[in-house]
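Next come the structures, one after another.
In the two complexes that follow, chain A is the common piece, with chain B as its partner first and chain C second.
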Partner chain A sequence: MSDISKEQILDVIEKAKVVNNIHELDASVLFSEQDIDSLDVSGMLLSIEEAFGVEIPDEDIDGLLTINDILGYVNNKIK
Partner chain B sequence: MILLSSLSQELTKDCTILNDGFFKYTSSAIAKSLSNVICYAVNEKYLNRALNNDNVTCVIVPETLKEKVKLSNLDKGILLSPNPELSYREINNYFYQKGLLKLDYSFFISSKVIIGKGTNVGEHVFIGDNVVIGENCIIYDNTIIHEGCVIEDNVTIGNEGLYFKRDADGVLHRIYSSGGVIIQKHVEILNGSTVQRSHDLGQLTTIGEGTKISVNVNVGHSAEIGMHTLISGNVQIAGRAKIGSYCWIGTSSTISDSVEIGDFAKVRIGSVVVQNVKKNGDVSGNFAYLHRARLKNHQKLRKGF
Partner chain C sequence: MIGIANIGIYIPEEKISNLDLLEKFDVSVEFITEKIGVLHRARKQPEQKASDLCIKAFEDLKSKESINLEDIECCVVVTQNPNFNIPHVSAIVHGELGLSEECASFDISLGCSGYVYALSIVMAFMQANGMTKGLLFTADPYSDIIDEDDKNTALIFGDAGTVSLLDTEATLVPLGFDFGSRGSGYKGLMNKDKLYMNGRAVFSFTATVVPPSIRKLLDKYGISKESIDCWYFHQGSKYIVDTITQRLELDENKVVFDMYEYGNTVSSSIPLLLSNDIESFQTGQKIVLSGFGVGLSWASAVFQK
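For the complex of A and B:
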């Protein structure tokens, strides 16, 4: 499978409507520094799991702190 | 110092002194900050710890360990007992009630301390410079409060903890806590909170420097809290729990006994923590689990309805 792009990730998060103004997010900045709380992040991860058919085990979740973290993680998973 | 051979027959009923020795305090086989300690050991592991600990001068052991104690070159007192835990309890309670298990501090309160009306301060207490203690507080014996601390109204420090042991018939017997409390510099403890004294002076209940404790918090016996940790209101910290430095413990959380929480950890509001939390951990819920994982799984469940 070809690599998933950052835009695809953002598209999934936008459709899940868990975060307002998704395109204002800085992909390299911590969610916690962009007013995104743990409930928002959990909604994001759930939508990512469903959209890309990947399972994110509980113990991996605390390592996903930015959009770029999620992008790298999902691409590693689908390889 | 107290010699084993000077103990009354009532205290050493059915016991045999294998090797005489002296002690000053009661504590455990791993006593660190206290010397001249009597402890008990019910198995080989604890016996070895006691025999290898220079702070321990007397050990109470069961018949089953008699052969493991080599009396040649032994520099510790050994009391053989049919029930070492019971013997320890009786010795501890006897000397505690005699008022002999006290910190070596004589009463010292800095002249730069403010103490509110209705507050009682015990003996064997050290209170450093610029400490402010509010009204109607109780500061029991064996309490050390270092400089710059603020203790608000109705706070109790050094009271007895819940420490009972059952006998063979299931009856509960109190073991008096003969320990104390140490509160490091610049700690603040808000209205109505309680900090119980430790079981023994070998491991004081400890509040680390700069830590802030909100209202109606209970800190259990022998608990240890690190530096600059924030404990929110109504938190219950059970005995022997260890909370690291720079942590945040959310309102109305409960930390179970002997649980260890690593530095920089977050415990979200209302959590019930029954197992250790790693450094930088973030947990929530009853029972507490990885916070973000819990939220994700919760949302997944909701979608299923």
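For the complex of A and C:
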């Protein structure tokens, strides 16, 4: 399976209406520094789990602090 | 047919402001208002117990309905924070109200799904035993078990009590129910000396099981989503109510939200909302109730005026 792109991740989050203006966020900047709170992150992760069929256990979420973190994590999971 | 005739409520006067806790929990005003949806949490007095909340709610019901205590044939309390492990709270309430010795009394141990489960249980119990009048209380004072330093729970839960008069002369009658359980997820919300909640797990559970439960319920009874006049979801948080609303693609003007001034009152949340509207429903109007949480468990129902 080919790698999932950043755009695909953002499209899933946008379609789920979890976060507004997701495409305007900086993929390398912490969510907490871009007004994305813990509930938003829970919503994002759920939409990604559902869209890509991956399970993201609680013990892994401490390392998912940016969009790039999520992108790398999901691509690692699907390999 | 037995249904809900009227509802009495009790919300304690003392309110704890979440706006005083912004710095402690490093959250913004927007988070409190737009995500949690709780500005103030109602807090009972420390010496008040579940039975006291029930009695207060009954006093409110009595102000709305003429009730002959001798006619009450069952007295049920939904709670998971009883006065004592033994006896059941409904026995204490039965005694304090001076109900007839012919009256059945029992508790139902459920949390946020409790009111909807209890409606089905008690209505069926009454129907099967030829009863015509019963009292269904909800009273789950979480302030007794909250860790005030736990960001996951300290901003959310409030205390309240309600009582629904179930009667053959009803305002709202049931059209159908849907129930479910996910016991494998019980650790997501439990009391281990203090309340523990895995917010992410409970959110994911709720977002993924409640919409399908409601769709299944409506399909089973051939009811369209568009024909529902009002949606009453358990007030877990604004975020979860908004998420369910969005996932079901509902008209948000039909989804009731009203927890800003008292918080998540567990099994009391749905009857608190209903109490505001019960006297204004028009004949033929249909509503959906859906409770979900501790267990993990859920229950949804369609009622009609």
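Assorted remarks:
Heads up, the rule we're going with is that the second predicted complex is superposed on the first by the 79 of 79 C-alpha atoms of A that agree within 3 Å, B and C clash if a C-alpha of one lies under 4 Å from a C-alpha of the other, contacts with A are read in each partner's own complex, and residues count from 1 in each chain.
The working rule: a contact is a pair of C-beta atoms (placed from the backbone, for glycine too) under 8 Å apart; a residue touches a chain by one contact, two chains touch by 3 or more.
Being a predicted model, the structure only gives us computed values, none of them experimental.
Taken together in the superposed arrangement on chain A, chain B and chain C clash. Within the superposed three-chain model, A:Asp62 lies in touch with chain B and out of touch with chain C [touch as defined at top].
In the superposed model, A:Ser42 lies in contact with both chain B and chain C.
In the superposition on chain A, no contact is made by A:Glu24 with either chain B or chain C. In the overlay built on the shared chain, the residue A:Glu7 is in contact with neither chain B nor chain C. Across the options 150-158, 258-266, 276-284 or 294-302, chain C meets chain B in a clash only at 150-158, per the superposition defined above. Residues 38-39, 42-43, 45-46, 58, 61 of chain A contact both chain B in one complex and chain C in the other. Remark: chain B residues 281-282, 289-293, 295-300, 303 touch chain A in the complex. Contacts from chain A toward chain C in the complex involve residues 17, 37-39, 42-43, 45-46, 49-50, 58, 61. Contact residues of chain C toward chain A in the complex are 27-28, 31, 35, 198-201, 203-204, 207-208, 237, 239, 243, 246.
Residue ranges on chain A touching chain B, taken from their complex, read 38-39, 41-43, 45-46, 56, 58-59, 61-62.
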